[in-house]
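Here come two complexes built around chain A, the first alongside chain B, the second alongside chain C.
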Partner chain A sequence: MWDLLRVALRNVGRNKRRSLITAITVFIGVLVIAGTRGLLNGLQGEIRSALTQKMHGDLQLHKAGYQDSIDASPYKVMFRFDDALQQKLRDTPGVVAWSPRLRVLGLLNHQKSQTTVPVMIQAFDSVAETAVCPRLPASIVQGGMLVSGTERMEQVQRDDDLAEAQPFDPGKKTRPKSLLNTSGQHQILVTPGLFRGFEAAIGDEVVLLLQDKNNMQQAVVAQIAGVLDYGLPNAQNRLIWMDAGTLARTLSLGDEISELAISIDKNATAEDMKPLLQARVGNTLVAETYLDITGFLRDAMTLQNVIFNAIVVIMFLIVVAAIVNTSLMTVMERTREIGTLMALGYQRKHILFLFLIESAAIGLSGGVAALIAVAAGIAYLGQTGMQFVLPGQTDATVLHPYVSVLFLSMVLALALLSAVIAAFLPAYKASHMRPVEALSKS
Partner chain B sequence: MRILFAVALAMTVLTAQAETPADIVKEVEARLVPGSYSVVYELTNHRLDGSLSSYEVRFDIRDADHARGVFTKPEREKGREVLRVDDALWTYLPGIGKTLRIADRDSFAGGDFSNADILRVDWTAKYAASLAKETPNQWIFDLVAKTPEAAYAKMRLWVDKASRQPVQQYFYDSRGTLLKRCRYGSIQNFGGVTRPAFLQMENVVTTQKTELKVLTLRTGQTFKESRFAVDNLGK
Partner chain C sequence: MTDHTVVLRNVSKIYRQNSLAVHALTDINLDIPKQDFACLSGPSGSGKSTLLNLIGGLDKPSSGEISVDGQRVDQLGKSELAQLRLRKIGFVFQAYNLIPVLNARENVEFVMQLQGMAADERGDKAMQILKEVGLEGLENRRPGELSGGQQQRVAVARAIVSEPSLVLADEPTANLDSKTATALMEMLVHMNQEHHVTFIFSTHDKLVMDFSRRLIQLRDGKIVEDLRQS
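Presenting the complex of A and B:
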């Protein structure tokens, strides 16, 4: 056996050009497969990270029917965030932090431009939200993050306008006086689209017009504290963020919330935690992972993986075809050598193994070289990051490609396997030559 | 004779003292909603860019719970209808031949009056009135919502003492933020009903305003029940 191995390796060295071509084919195949997976992992990882650490958290608790009703009837799907629920969260192993949120509809009026647009309002406590979505503050592209601790509710308004009203003369033009008077301090964050649309500046005054549960009109006067850009394609444009306490008091919501965003231990997965959390909170609430919430992401990732698998199959076929070609050429060129070996007592199985070992050695060398190159490249890019702008975004997204050792091992095994499979037919052909005929061929 | 005079004076004082803020507000309300009546309003919306849009609407109003309005001008809005039956509001769009449910808080004809402002004046039913201040010429009443169905958390109403006509009205949210201001002018007599013929609603937030003119008003009208049936909208 050792003799066979020695002879096979010597032959690899002797047929340098052909061995090199085969090794390069394997190298390219492995490089493409492992490199693509690394980039895809980086892209999927960034999207996953953005969704969990900027937007949704790993898991969310909702009232049943939340996804269908939140836009049309936000008050219908609210639930109480009481002590009992908080205790259940504390008792659930793997739950690290949570952030109660409110989502309601309203009208946003920008005072300077006097532009009014309908918006979805998402409200949170800045400390709790940052614990669940640690990348949120980094998504502020202008201005600063809202700070719940600095919110100040309006004092009871001074009833200073108790003066006698002047008789109204419709024909007489009067200068409109500003009647907007507020003693509170509130901050909102807006999307880049709204900010551009209003031609706004940080600190500009806006008025939020809301309807409470009883359709009574409520208003909040606030300043634009910052511009928040999730940096994700298809992110909602008419969305603003404000302090949950302010919104709850304005709408007299008490401890009712729309959704509860939850972050989990980094060693746990959202899919594994979901049934655990569901069992803990009972049937009144529905636990959903970030993938459940953003159904498009699951589909997009599945599609990406299907395309990647297609690339793997195509590369596998190219590599196999290339190795079959070069191996057949090798067999044809080395007919007399095969005949000599057989004349010296080598059996057919020895000839078969000889060619298989040669091919495996070439596949292994090409594969290992490719893996070293991929591992080095991905390690470098993973460290420095790859910046590019996603469609529809203004800020660059940074990808950190990565690939697992398990996957690299599988790719190497695939390279070896494809080399061996590709060499089998030529090796079989060589092993079944008749020594006399083989020796007679030039 | 002196005794009789003293008794009459005492009766007058007692009667005057017995008049509560709710009574005065109810009297103002009765001027604006004089029983079962037909009225034609001209509404003009003043946009911030200086443009104007005007509408003419004829209303048949039986009581606070039954009202039906038909747009008569401009031509493109002709045939559009609004209907209130109890707490429900509908609009009929002749262009598509459909009836849609709308909300009290929605803007009426894209202006600064809400549907509730135009189609239902039932202050004393939904608000508790108290006297905030009395000046030599006016009473200033605070009207605080006593039911969750009220459109505003609080209103302030200025009433002229001599004529008992509304002069000005403020609309607030529940934390006292002023949302809108309505000013009343051009007191006119419409077949025995003396009331303001000109209202100007200023939206404090958007700084836009809408003017409402009462063109005609006829009281003592009777309407068939079918006039206020949703199925009859557009017919």
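Presenting the complex of A and C:
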């Protein structure tokens, strides 16, 4: 076997230019496949990260029928966020944090422009929400984050303590913050679309008109604290965010919530955690992954993968065609040598293996060189990041391409396999020559 | 029968070209005793190369029996023929047919390696035979770095190093000048005598005929003369 290997490897270097061209074809094929996968991983990773860390969390718990009813009848799909549910979450391995949310419909009146629009209101506690969606604060493009209800209570307490310690002086122009907070100055975040539409400014006063479960009209006076842009395609435009405690008190919801966003351990996957969580919470609630919630993105990512697979097939065919061509030429040129080898005692299998090894060596050299280049390039880009504008976005996103060692190994195996498959027919032809005919070729 | 390295009985070879049947060899009967130094001669198309190919198991006869060292060549399968060639027959070709990516020593070792001989043993044997054919010091040169005569010496060394029963040489001097050809033939005579190897040549070359102890003349696929020379 070693003599076969030695002869085969030396033969690769015999026609250097041809071997090099074939190896370059393999190099390009592997480079395109592994490079594209790296970029796609970066893109999909960014989409996944944006979805889970800005918007949805890794998983959500809903009442059955949530997706169908939330826009029309939000109160119908609310459920209790009680101690028992919290205990179940605490008892589920892999669950790291959770954020109870409310989603109701309302009318938003911008005082300055005297404009009123229907909006979907999403309410959360900013501390809990940030624990589940750590990239949310970075999505606030103007102004600042909502002050958490919990923080506010502490702040009110602090301000009240301060007011007690320092008696109110009517000569001073500033008033203690507790007075500001208790005088209806709640905060909301708005989408860029609403902000532009209202021609609003940070700090503008708005009035939220809401209908509670008993069909009683409620109003909340608030100020625009910031502009939140998820930076994701298909994001809703008429959406505002406010503190969950404020909304729950206004609508007398008690411990009822619309959805529970959950973040999981880094080493776990949402798909794996979903059945675990579902088993814990029972049949009254439905566990859904971020991809279940955003079906269009699942479809988009599936489409991306289909296109990628098509690229793999095309590159595979190009590489195979190049190697078939090289192998056929090699067999034609070395016909007499094949005859000599047969005369000296080589059997058909030796001839077959000789040409397969030669082809595999070319495939391997091109493949390994490409993988080194891809690994180095992706490691560099993974560190520095790539500015990239996602579809539907105007602002650039920083992608961090990556590929797994397993994928690189698979690509290398594919390069090797394609080289062997491509060389098989010419090698078979060579091995089935009649020695006397092969020797008679000039 | 066992005193003969090669025995041919009623051997014919017919090639089909479209609907035409070309009789390359007709009813050949031939005995080549051990350690013979025989030469097949005749004009182009007389069938000498065909006969050599049939004896070497490179081609199959259309009819008749061929035995090499007591083994019926015409009845062997492809794999068994390959084993026969590996173990019992050495080939020397007109164009040397060395493996271009191997140096002289590796070319000589090639057959022994296929036979499964240990590296040390085959290395020693290769160096010894290269010394015997006058190529000491050139063992690391590849075929492209050797002259025609030197390449043919490597080919001879490769053919006899594994001590086959029979060496078949097809026009071994055709590409050599007369001085080199004479030296080569002297070397082959020496090998024949020292290594007790049977040689069969096919040639047009008068020089080869002069060196041969037996001259077999072919014409139109038939043996027309079979002479013993002193």
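Keep in mind that, in the parts below, the second predicted complex is superposed on the first by the 406 of 442 C-alpha atoms of A that agree within 3 Å, B and C clash if a C-alpha of one lies under 4 Å from a C-alpha of the other, contacts with A are read in each partner's own complex, and residues count from 1 in each chain.
Just so it is clear, a contact is a pair of C-beta atoms (placed from the backbone, for glycine too) under 8 Å apart; a residue touches a chain by one contact, two chains touch by 3 or more.
Computed from a prediction, not measured in an experiment: that's the story for all the values here.
**Student:** Looking at A:N109 after the superposition, I want to know if it touches chain B, chain C, both of them or none. Which is it: first, second, both, neither?
**Tutor:** First partner only.
**Student:** Scan A:N215 for contacts with chain B and chain C and give back first, second, both or neither.
**Tutor:** first
**Student:** Mind working out whether A:G45 is in touch with chain B, chain C, both or neither, as first, second, both or neither?
**Tutor:** Touch status of A:G45: no partner.
**Student:** Using the touch criterion from the header, give the chain among chain B and chain C with more contacted residues in chain A.
**Tutor:** B
**Student:** If we overlay the two complexes on their shared chain A, which of chain B and chain C does A:G345 touch? Say first, second, both or neither.
**Tutor:** After superposing on A, A:G345 lies in contact with chain C but is clear of chain B.
**Student:** Touching A:R434 in the superposition: chain B (first), chain C (second), both, neither?
**Tutor:** second
**Student:** Quick check for you: in the superposed arrangement, does A:P137 touch first (chain B), second (chain C), both or neither?
**Tutor:** Neither partner.
**Student:** Thinking of the overlay built on chain A, is A:V207 touched by chain B (first), by chain C (second), by both, or by neither?
**Tutor:** Touch partner of A:V207: chain B, not chain C.
**Student:** For chain A, which residues lie in the overlap of the chain B contacts and the chain C contacts?
**Tutor:** Correct list for chain A: none, the interfaces share no residue.
**Student:** Under the definition above, what is the set of chain B residues touching chain A in their complex?
**Tutor:** Interface residues on the chain B side: 48, 103-105, 132-133, 135-138, 140, 145, 148-153, 156, 158, 167-168, 170-179, 181, 183-186, 198, 200, 202, 204-209, 211.
**Student:** Residues of chain C touching chain A in their complex?
**Tutor:** Going through chain C, the ones touching chain A are 53, 56, 58-59, 78-79, 82-83, 85-87, 91, 93, 95, 97, 99-102, 110-111, 113-115, 158.
**Student:** So in the complex, the part of chain A that touches chain C is made up of which residues?
**Tutor:** On the chain A side, the touching residues are 3, 7, 10-11, 13-14, 336-337, 339-348, 434-436, 439.
**Student:** Which chain A residues qualify as touching chain B in the complex?
**Tutor:** Contact set of chain A toward chain B: 109, 114, 116, 153-154, 156-157, 159, 161-165, 167-170, 176, 178-182, 207, 209, 211-221, 250, 252.
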